[in-house]
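Shared between the two complexes below is chain A, which pairs with chain B and chain C, respectively.
Right after this comes the complex of A and B.
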């Protein structure tokens, strides 16, 4: 008979490490979030949920919360839509494929902050590359002030978010595609299935677990992503492009409300936990069926 | 796998221990703000010269970009790993004093040492009669104008009032092309300050005499309407809410902007990046009653209460505030002199640009010393961005902001 405790014993070291690395900060956060905290992190009185109710009463927080949903859904969804065809194309054999793969991966190699800074320059109203390109092509007869209002700034930020998420997503899909045996396609072709049918009946269903993993990982990553929005607009003008992380940063380090900032970060953690749990359960159920 | 994780865990643990044990005897750690690419090399030089003159004291400068300085200090102090000395924005000092992390320096300061400073710049670092910091950098704001643009537009003298400024801006706009009259900052740090210039000239103050917010006063509303009218009539660069201070300065260096208000360091930048630009520096425009105000800023160097090497740290401060070292720093960064002896040097006396700044010092306002000031500044910036974007009536937006600010002031 197997020793039932053995698996637990074997995973114990990593569990302890995870506990130290993950639970300790979370316990710390809970402490800060439930206390009146000085600007430099000294805990004063226990104040229960006061920090949380202050958040709910703050319209900027609610707006940032909703905007984070839009941001995450748009970036993750957009990256998915772009990455599947890109991965399928990169998986076919064509001349210069390795060069194309390198080009697609390049944005990944550049630090996110650098990418955002370059885009901030490119979107400059007076001397930005994008405006001069648009004017040169005759697509615009006036400079567009991209970052001056959320109506243009936020869609641009989403686009950049998609751009930098595509390499990672494509890599996952390429791995998935290479695990699909060629025989399936040969057999399908013999039976007379066209490329569209092959994609719908073979590629996509077999890629599904990889799509699920990409959605979960990207959601966690994009939800917490700070540099693009911070570098380009700092969540402005007038907090109109704030997402939860930038709101948190301002609360903690501009205004010095560490208690409320910790509360935001706990809310973020809770949202991600719930999302991941629900999503993984749904995805698993789909797989078993 | 598990073993390597253990190892890295141990290593992480050891490095935490190492951090805690960092305060060796005779070691002075200093956090300094990176004002420009010259800051790092300057403090390296200081380190060499000071260590040569004081064997046994080991100085370590940590150069931190301005944008993250407050964040670094907050986390360092929270974790108890802060340096012995640090440069801070003087407007943050009240938090440091109230939280009891700053050491009063009075026991070290001799009358002779105190006499080295210009009072205007030392006084913001004094609270409740105690000196908590020494002004390491000082700055004020004045109006830069592009001589060539004004000449082309037929404006003989730099505008002295906001009415004249508006008039000059309209003439520059009439030149056509990508020329903008008044460079208006609408993004990031000091967006609120850019509005105060107009507000002060209307006779309003950040805080009313009774200590409540002055944002809902008649002058403040008038100033917001003035800026809004400049935007609406196309007398500023388009899309002001996408222009941080550096962006407006870049426009000025490119010769596209007629007038803008900023700090003395722009002169240094123009000398290096746009040496052919013909510009002048003048007073900030006055309002209808002749009132005007500029923004005075000092950064202070403070000693932390938990420093274990206070005497050594003080030696370093004494060294830093010698005339020669001060002059080298101030001139490299483009600040104003804070030492009396330094101010008498030819470099400052014969410098027309700097003279315009020092002439404005009697009208200088420093950021009010109140807790929660950063939050009030943020509220003001947000309100102004809404005004600039046209997201509401200036009067209503300012009254709303004043109410929010009052809520913080009452705490």
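Right after this comes the complex of A and C.
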């Protein structure tokens, strides 16, 4: 004698709330993106895909799009390359392992905004402590103006992106490693397999589903990540470190091109949905297995 | 004779060293700048001539820290309490009932977790503006709450699923109603899970940047991240020792909480993904 309506009543409030903050803005963005719109958001005539064609014709958008690709691939790839060995090391038994784990996890515990503010100061050209450290160690003989040009600012932002992505990625891999039974390694060692072979034949294949999940989730997070670039350079100098999210923010709240900003949002949303679909397929495969 | 474990220790720390240095570097910068006397901040020396603890006290006033702290607490508490209250029933239904739309709701949660506020920020701004709620801390708390629901339902459901049904069934056998069983048997078992989920929601809201940056336009309503950012952005002279003292105070308590509870987060997410 279960009340059949009960589960629906229980889930309804959460569904409504989550839907309102997602669907209302999405519908609104679709409307703005397909209309001629004033700086203050008044809709004028329907103009079809004019806002989208304006985007495609805008070299700043194309550059930001390509840069987003570089940013996402570099941060996700870099985090992966760092995290696999770090997870393997943290999974072995050594003195001070719990301290090492805490240190590796630290960047995850601090908000991206605060991390970016500290780095902005550390990279300060005149009195930043990175320059004084490099000079003190004899690695540089004059101050480097890190944030004054994209050639140094963007790689630094990627490095910070990697640094803050490593904890989450390592955590996923530690979960994966702990699911690999020890007897596999013992058996392999008995058969005479060295550490490198063990990694290639046992660790990596069994870690692969976790690598896939990490790649997809990190791609989504990094693609969306706003604070590091906004706080350090605001996409500058001269839009040379803009990625899609900062370009979008400028279009919407600096330049007041609401139509184009909405079009960027929808393009991003479409890309995100593709990634999410991939993620759901991966996750569901795991659920069935 | 070196024991194998000692040898492993050397190798492990040697390999981790570069990452450890890069990770700790910003913390060192933050701390050392925060305690430097004002006139030494711009000189390129690492170690301060004396530890000026007074900076923290002065920063509180100079950086408008108190007001921003209160604002941050307010939005984070609204987000946390609201999200938990709405999510407990939903997670309970997801965990204990099989109903049409169960799978669809789970998919919806997954998808909405992937959409970050930045993509929708213009639409969100217009949504709040149409109700005259720009500048409203309560509205920002409400937006955080709504964006956290996917996460809280997901986390809570994965914990609820681990609680055996036998206890509830025993209580029903003895004539306890569903509501009574829920209150006296089920929820008390879930208190730790609810607490952990609540803390992570709190931290999410505490750290949020782009929604606050967009909606909160005057200094009285700034939350901590925006307040500290405003001390840095678009200024000719930045009082970095105050800024670093403020980041330190805003960051450290939350960071400790996070590091302490991090394994529960991982367990909850993993339970949800693997089960």
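Note that the second predicted complex is superposed on the first by the 247 of 289 C-alpha atoms of A that agree within 3 Å, B and C clash if a C-alpha of one lies under 4 Å from a C-alpha of the other, contacts with A are read in each partner's own complex, and residues count from 1 in each chain.
In this text, contacts are C-beta pairs under 8 Å (C-beta built on N, C-alpha and C of every residue); 3 or more make two chains touch, one makes a residue touch a chain.
Since the model is a prediction, treat every value here as computed from it, not as a measurement.
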### Query
Is A:193 in contact with chain B, with chain C, with both, or with neither (first, second, both, neither)?
neither
### Message
Once chain A of both complexes is superposed, is A:50 in touch with chain B (first), chain C (second), both, or neither?
### Response
neither
### Query
If you stack the two complexes on chain A, which partner ends up touching A:256: first (chain B), second (chain C), both, or neither?
first
### Query
Does chain B (first) or chain C (second) touch A:127, or do both, or does neither?
both
### Query
Now for A:231: first (chain B), second (chain C), both, or neither, which partner does it touch?
second
### Task
Check the residue A:163 against both partner chains and state whether it touches chain B (first), chain C (second), both, or neither.
second
### Query
First (chain B), second (chain C), both or neither: which does A:248 touch?
second
### Query
With the two structures laid over each other on chain A, which partner does A:39 touch: chain B (first), chain C (second), both, or neither?
first
### Message
With both complexes superposed on chain A, which partner does A:265 reach: first (chain B), second (chain C), both or neither?
### Response
second
### Summary
Of chain B and chain C, the partner touching more residues of chain A is C
### Message
With the touch criterion stated at the top, can you tell me which chain A residues are shared between the chain B interface and the chain C interface?
### Response
13-14, 17, 20, 41, 124, 126-127, 234, 252-253, 258
## Note on the structure
Touching chain A in the complex, chain C uses residues 5-6, 8-9, 11-13, 15-16, 19-20, 22-30, 32-33, 41-46, 86-87, 89-90, 92-94, 97, 99, 101-102, 105, 107-112, 114-116, 118-127, 129, 143, 145-147, 149-150, 153, 206-207, 209-210, 214, 225, 228-229, 232-233, 238, 240, 243-244, 247, 250-251, 254-256, 258-259, 262, 266, 270, 273-275
### chain B residues touching chain A - in the complex, by the definition given at the top
1-2, 5-6, 9, 70-71, 74, 77-79, 95, 99, 101, 178, 186-188, 237-243, 247, 250-251, 254, 256, 374-375, 378, 382-383, 385-386, 388-389, 391
### Query
Residues of chain A touching chain B in their complex?
13-14, 17, 20, 38-42, 124-127, 143, 145-149, 153, 233-234, 236-239, 250, 252-256, 258
### Summary
So, in the complex, the side of chain A touching chain C is made of residues 2, 4, 6-11, 13-15, 17-18, 20-22, 24-26, 28-29, 32, 41, 82, 85-86, 89, 92-97, 100, 102-115, 117-122, 124, 126-133, 135-136, 159, 163, 166, 171, 174-175, 213, 220-221, 224, 226-227, 230-231, 234, 245, 248-249, 252-253, 258, 261-262, 265, 268-269, 272-273, 275-276, 279-280, 283, 286-287
